[in-house]
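Note that subunit A is present in both complexes that follow, paired respectively with subunit B and with subunit C.
Our next item is the complex of A and B:
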């Protein structure tokens, strides 16, 4: 096959990402020309960029519905069912994140901020799409680098500076971890193509001791744990969440987790010599590592969240704890008995995205661009000053705490069922830890609700109209309730993602 | 009939939604009218449901009991007569959650009790709730939806969902509209019951996963699970562990001594409507859970552990609760502790594990709902007038408030268990069942009746009789203290009528619940043990006969 033909063929597989990246180029190129040299932009410019961003996402979604679903081959991309799921999650959440970002950025920097967000989403998809170690790493960097810019663009005070620098340094550090791990894989297998690596390992595993893969896997898990905010790689999260705007925090609480789990689900089965994760479950040392990570993450996240007074720090710890819940699903893996842990993980991931983005959207809608809600005290009396926002926030919080009637309940139930039905002692320990943590977590979510509803407001906060964030929050709250009543389509999607032959 | 059920389930939900949506445009008076109409509509439909159930199921054309719903295995101890099933979430070949709503005799009566007490709660909050009225009534109606949902859910997860859902509105009711210690009370109530019910959930999931591994295709459906376990019983040691796990949440909910510590606090801090629904229906979720889940699923463990553990704790609860009630100065706390004692009877009857005992227990659930609901309403009326509930500050109110005093005496009699009123039937059957199972507990339980008369009559005597004593600040805000007004009368009258009616003619009620109770009790008794059946028949006949003689 001539090279241009191969490129043509490969390009046909990534049309949604091409649409996103083309829009990114347009925004980066045209953006500076609409802003004067002093940095002044015509008022309302951000609406145009927001609409363009939504249009691009809509077009990408259309392309997503038409995108072919193919087997993994020797090529650079493998657009299988899993990619279909990740694309769906990233595009839907991308729309919500765009709405959250809408009024959280000044007119002068709107173009760059929206472009960064679209680039991040494209990066998420590339991590899932890549059939190559290098491709996966590039995807991860396509997420990281625009994130640094996005965090920094939204607001420029010393807290944001500190947060961005912290995130930047630790992110680079974790990328180095991952890269080192990937290079071990390359060193052992002698190729970077995932399909080829799988074949080599499954051919060799009968006779060879693949001990070196353990080192590679531990490095990869460690590096990606930074993105998942799994304990003990979580230290940056509270500081960064506290420093950045709510829109950036919304992005940080969700997108890195999607990327991290996508990369783990792509890389770990390969290291076990499985072409995909249909029948994959972690065994041996990797399982122990994942289990310890899951238990630590749940406990540390929830226990530290209990004593927080800063709203953003509290939510950062809550986001850490949720990573722990999802790690339970990953640890259980796709055991044949009972409910699939990976499907439960994917269901939880989508559900968590809806609830957390909704919560941050409402937090940004309740404050102003210059003075967002910062402490728990800022929430007090919200049920009187902004009853609709308080109610929707309560729905999202109840969802995050895993109580009915929200989709969050079913998401936790599935993880619990998956862990329990696996039938091993490990699985039961995980399930019980999950249940205990659900109670601990209920305490602080309840505290947030009680502050909103039962305490008199002490600070008088200005309010501003942020219809876009309000709409995003409203959609998320409705979806949280609707997915309780009709969870089957989402579950089917998660199972479909695993259905790869 | 299932349509009627959905109507009664959806009316409160829709009304609550309406109240929340038009929160800003509804003032206090319009909000309460909307809530009142909604709750009355729900009551009407649920009464219609009860009547239709009675006519079609219990006595279809005078020819005996209608067969159970077609999909239910006859071996099951849980036999909904009417059902509606809709797939909800299927996460594996043998893991299928369902929207499984159904009705049997017990659920249909409990639903009617819920809707009746909700109407009373709305009426009694009429003046008491000034602040954020529409949100308050929305919370009441959401609570009603959750409660109705629990009683008609026949899928384990769905049951659990509604069970948990009731926590949220009550949490808000206590925490926003409660007394001075409301925040702590609400959080203690919430976390205590949540922690318990998560242990319950773990136990339930263990059963579900275990049976699905063994080959049951729809392990969360209660009738199917019960039928399966009847033919493939779990090993006894496993049953005992699971029984204790599942019981944890229900023991806290009932509450059985020593898990009752959240109850007095929650009751004292809750607004009157909250107390009425909490005592009247919410606590019954615990005993209902035992009846619906523990008894059919873990029969061996119930035989093994029921009497020595739960029976013992119930007896302690009866005596301890009564003595605590005797020591209280706050009337509301007194009533709260009396709930601990009365639910002790309920649990005692349940774990007698025979037809008489379980019948008595179910009757006790309904009776306690009626009489304790009424007691809380009366306490609320007094508090609204005098802004105190301390018995030391009050005395001789009968001369000032004759109607309230009169109903208080009546309800106290019903609560004590005077023959001819509802309390008697429930306590009598519960204790009769217990005497058959274990005479010692029966005797100890009976002391509770005496103690009950002691504390309630003392309270009545101190508050309503003797020389008139009113708190100083009573006339201070220039509101004249008047007797019961028509609205309050409407809130209380239905409860009094029901107390009398059940006391005089329990046979009608027993006929509705009896087949379902026999199905459960059949797990523990020999099926052709006709003396038992004859005993109930005789007892009810005697009761009716006596009542008809003594009352007119």
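Our next item is the complex of A and C:
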């Protein structure tokens, strides 16, 4: 096959990503010309960039529905059912994040900020799409590098600077782990193509030194745990969440988790010599590592969240704890008995995205650009001053705590069932830990609700109209309730994602 | 009618009131205000029309069409031929967890739906006039819409669990509406009492549902009730378990349908607005217990002892409530006790299946028929009482007004029709249904095994029927006859109802007069109902001339005594009250059941509660507080690591990876 034909064929598989990246180029190129040299932009410019961003996402979504679903081959991309699911999640959450970002950026920097967000989403998709170690790493970096810029652009005061620098340093540190792990895999297999690696490993698993694979996998898990905010790689999260704008925090609470779990679900089965994760479950040492990671993450996240008085730090720890719940699903894997842990993980991931983005959207809608909600005290009396926002926030919080009637309840129930129905002692321990942590978590989520509804307002906050964020929060709150009433389509999608990949 | 359209009609019945409830709750206080009745009216009209379509068009056509069996998804039809339309969607199927939500409409459902939506539409119209100056106007209509939604879902439920959910939901609506004027301490207390007493019944219901789940492995009506062989098998494997299930279910029915000794909440529930009393506490919600027992007929057939208990409790309730109603002076309370008594009649009939298997279907038919006719004339009586109350400035004590027939002509005539129907005056609605009950009891008393038992119950029923006629007309004569007298609250000229209140009264009066004759002796009702699962269609129809004659005499006698006591020579009641003082006091004091409950149950429970509070406060709280400190204490350790220094974060990450690497390389 001539090279141009191969490129042509490969390009046909990534049309949604091409649309996103083309829009990114347009924004980066055209953006500076619309801003004067002193940095002043015509008022309302951000709306145009927001609309362009939404249009690009809509076009990408259309392309997503038309995109072919193929089995993995020797080529650089493998657009299978799993990619279909990840693309869906990233595009939907991308739309919501665009709405949240809308009024959280000044006119002068809107182009670059929206471009960064689109690039991040394209990166998420590339991680799922890549059939190559190099491709996966590039995808991961396509997420990381725009993230640094996005965090920095959104607001420029010393707190944001410090948060961005922290995130930047620790992120590249973690990337080094991932890269080191990937190079071990390359060293053992002698190729970077995932299909080829799988074949080599499954053929040679009897004779290969398994210790090297364990080392590689542990390095990859360690590096990616930074993105998942798994303990002990979570330290940056509270500091960074506190320093950045609510829109950036919304992005950080969800997108890195998507990309982290996507990469793990792509790489771990390969290292076990499995072509896909339909029948894959972690065994041996890797399972122990994942299980310890899950239990530590749940407990540390929830226990530390209990003591927080800063709203953003509290939500950072809550985000850590949710990573722990999802790790339970990964640890269980696709065991043949009982409910699929990976499907439960994917269901939880989507559900968590809706609830957390909704919560951050409402937090940004309740405050102003210059003075966002910071402490728990800022929430007091919100039910009086902004009843609609308080109500929707309560819905999202109930969802995050995993109580009915929200989709969050079913998401936790799935993970619990997956762990419990495995029938092993490990599974039971995980299930019970999950349940205990859900109870601990309920204390601080319900405390937030009680602050909103039962405490007198102590601070007078300015409010500003942020219709975009309000709409995003409203959509998320409705979806949180709707997915309790009609959860089956999402579950079917999660099961479909595992079907043939 | 296409299947899709049928499904839409089925879903519209509960959906329309739900939408109205949400719209009224959201927009009511700010936007709709005194137009809040509009969403409620239109939704109830939609529901009513859909129910009629279901009743008259869809179900008969299902029977004829007989499509292939496809349970749970589309229209289903089993070989035995009960006509059913079902519509469901899978709510959540994950691994071994299967949870579906299914609406299921058969004959009994269609009848209940038509009755519920029709009566509630009329009551909602009346309510817009009655509540017209109340500041809680939107709240009232939101709650009524929510109630109709819950009640429709209750009768549409295709499984016990869904039934239970909406059983609780109608209880909640009842609580909200009894306590509608929550500023009044008596209303708040009555709402609480209703809720708590109902909990006792709900406990029975949930235990029954657990037992069904344990022994049948399913809560679906088709699986549990639709297969007689399976029930017999369960009964053979676990002797007595069906009896137990039926007793538990009946306990639930006793709570909701105010049967002795759980009837104490219903008279107090009259604290709510009168339209609510008419709708929830007379016509619809309180009959849910009757519906439950009728629905579970296939189970009750296997449990003769439970059936006898149903009849016995029904008879006791009918008699006690009728005796109490004799001396009450509050017009609404008379009607409330009469409701309790009539519900007792329905249960009396339902239990007659114990006498012989052939009697099961006539028994259920008679009970359900009385439920159906009762809904119309009791709603009418309550609405008429409401219009009396409206005219008298919220005074409802019959000693304080009299001779209203000239001042309130519409109210007078409609009340008279309702009272005559309740008393069982020939050809009116109550006559036919009460007649059916007495006929079934007569048949049952001829049974060889339980003849004596049902004989006694029959005598009680005849006595209660006489008392019914008497106390109903006592209330009528005291209110509308005699010298014209108004309380001061009414002002000088009591005003007759506005047209919006008069038309529902007239419509209900026509129904109360004619509906019995229309569907009773023609067997329209019986033939329709008997297509329900668990009933066998009867082919022989005969009128019970002897019973009819007897009940006519009883009704006329009751009315005659009432006329003699309260119109012809009004000194008699006082004389009787003097000579039979103890009986009078017992009746006046409602058999002192409230006081007995207080002494036997409430005070001991309060004592236990006090003790438990002390233990909780000083013992349990101590433990919980200590446990609660553990997480906070634990969190101090990792907090030290979160100092904000990047290099320390990085080193912890590094240590983490190295630890994991060492662990993995050495452990395996």
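As a convention for this text, the second predicted complex is superposed on the first by the 500 of 501 C-alpha atoms of A that agree within 3 Å, B and C clash if a C-alpha of one lies under 4 Å from a C-alpha of the other, contacts with A are read in each partner's own complex, and residues count from 1 in each chain.
What we mean here is this: a contact is a pair of C-beta atoms (placed from the backbone, for glycine too) under 8 Å apart; a residue touches a chain by one contact, two chains touch by 3 or more.
Model, not experiment: these values are computed from the prediction.
Overlay on subunit A: subunit B and subunit C clash in the combined arrangement. When the two structures are aligned on the shared chain, A:423 is found in touch with subunit B, with no touch to subunit C. By the document's definition of touching, of the two partners only subunit C reaches A:286; subunit B does not.
Residue contacts after overlaying the shared chain place A:303 against subunit C, while subunit B stays out of touching range. Judged by the touch definition given at the top, the superposed model places A:36 against neither subunit B nor subunit C.
In the superposition on chain A, A:414 makes contact with both subunit B and subunit C. Subunit A has more of its residues touched by C than by the other of subunit B and subunit C.
Of the two partner chains placed by the overlay, neither subunit B nor subunit C lies in contact with A:9. Of the two partner chains, both subunit B and subunit C are touched by A:338. Look at A:65: by the touch rule set out above, it reaches neither subunit B nor subunit C. In the three-chain model built by superposing on chain A, subunit C overlaps with subunit B at stretch 148-156, while the rest of 130-138, 148-156, 184-192 or 472-480 show no clash.
Note: residues 338-340, 344, 410, 413-414, 417, 421, 487-488, 491 of subunit A belong to the subunit B contact set and to the subunit C contact set alike, using the contact criterion stated above. Remark: subunit C residues 89-97, 631-632, 634-635, 638-639, 641-642, 644, 646, 649-650, 652-653, 655-657, 660-661, 663-665, 667-668 touch subunit A in the complex. Subunit A meets subunit C in the complex at residues 165-166, 169-170, 173-174, 177, 211, 214-215, 218-219, 221-223, 226, 232-233, 235-236, 238-239, 284-286, 288-289, 300, 302-304, 306-307, 338-340, 344, 410, 413-414, 417-418, 421, 440, 485-488, 491. Within the complex formed with subunit B, the subunit A residues making contact are 337-340, 343-344, 387, 391, 398, 403-405, 409-410, 413-414, 416-417, 420-421, 423, 431-432, 435-436, 438-439, 442-443, 446, 450, 453-454, 487-488, 491.
Those residues of subunit B lying in contact with subunit A across their complex are 20, 23-24, 87-92, 95, 157, 160-162, 164-165, 167-168, 171-172, 175-176, 182-183, 186-187, 190-191, 194-195, 198-199, 201-202, 205-206, 208-209, 212-213.
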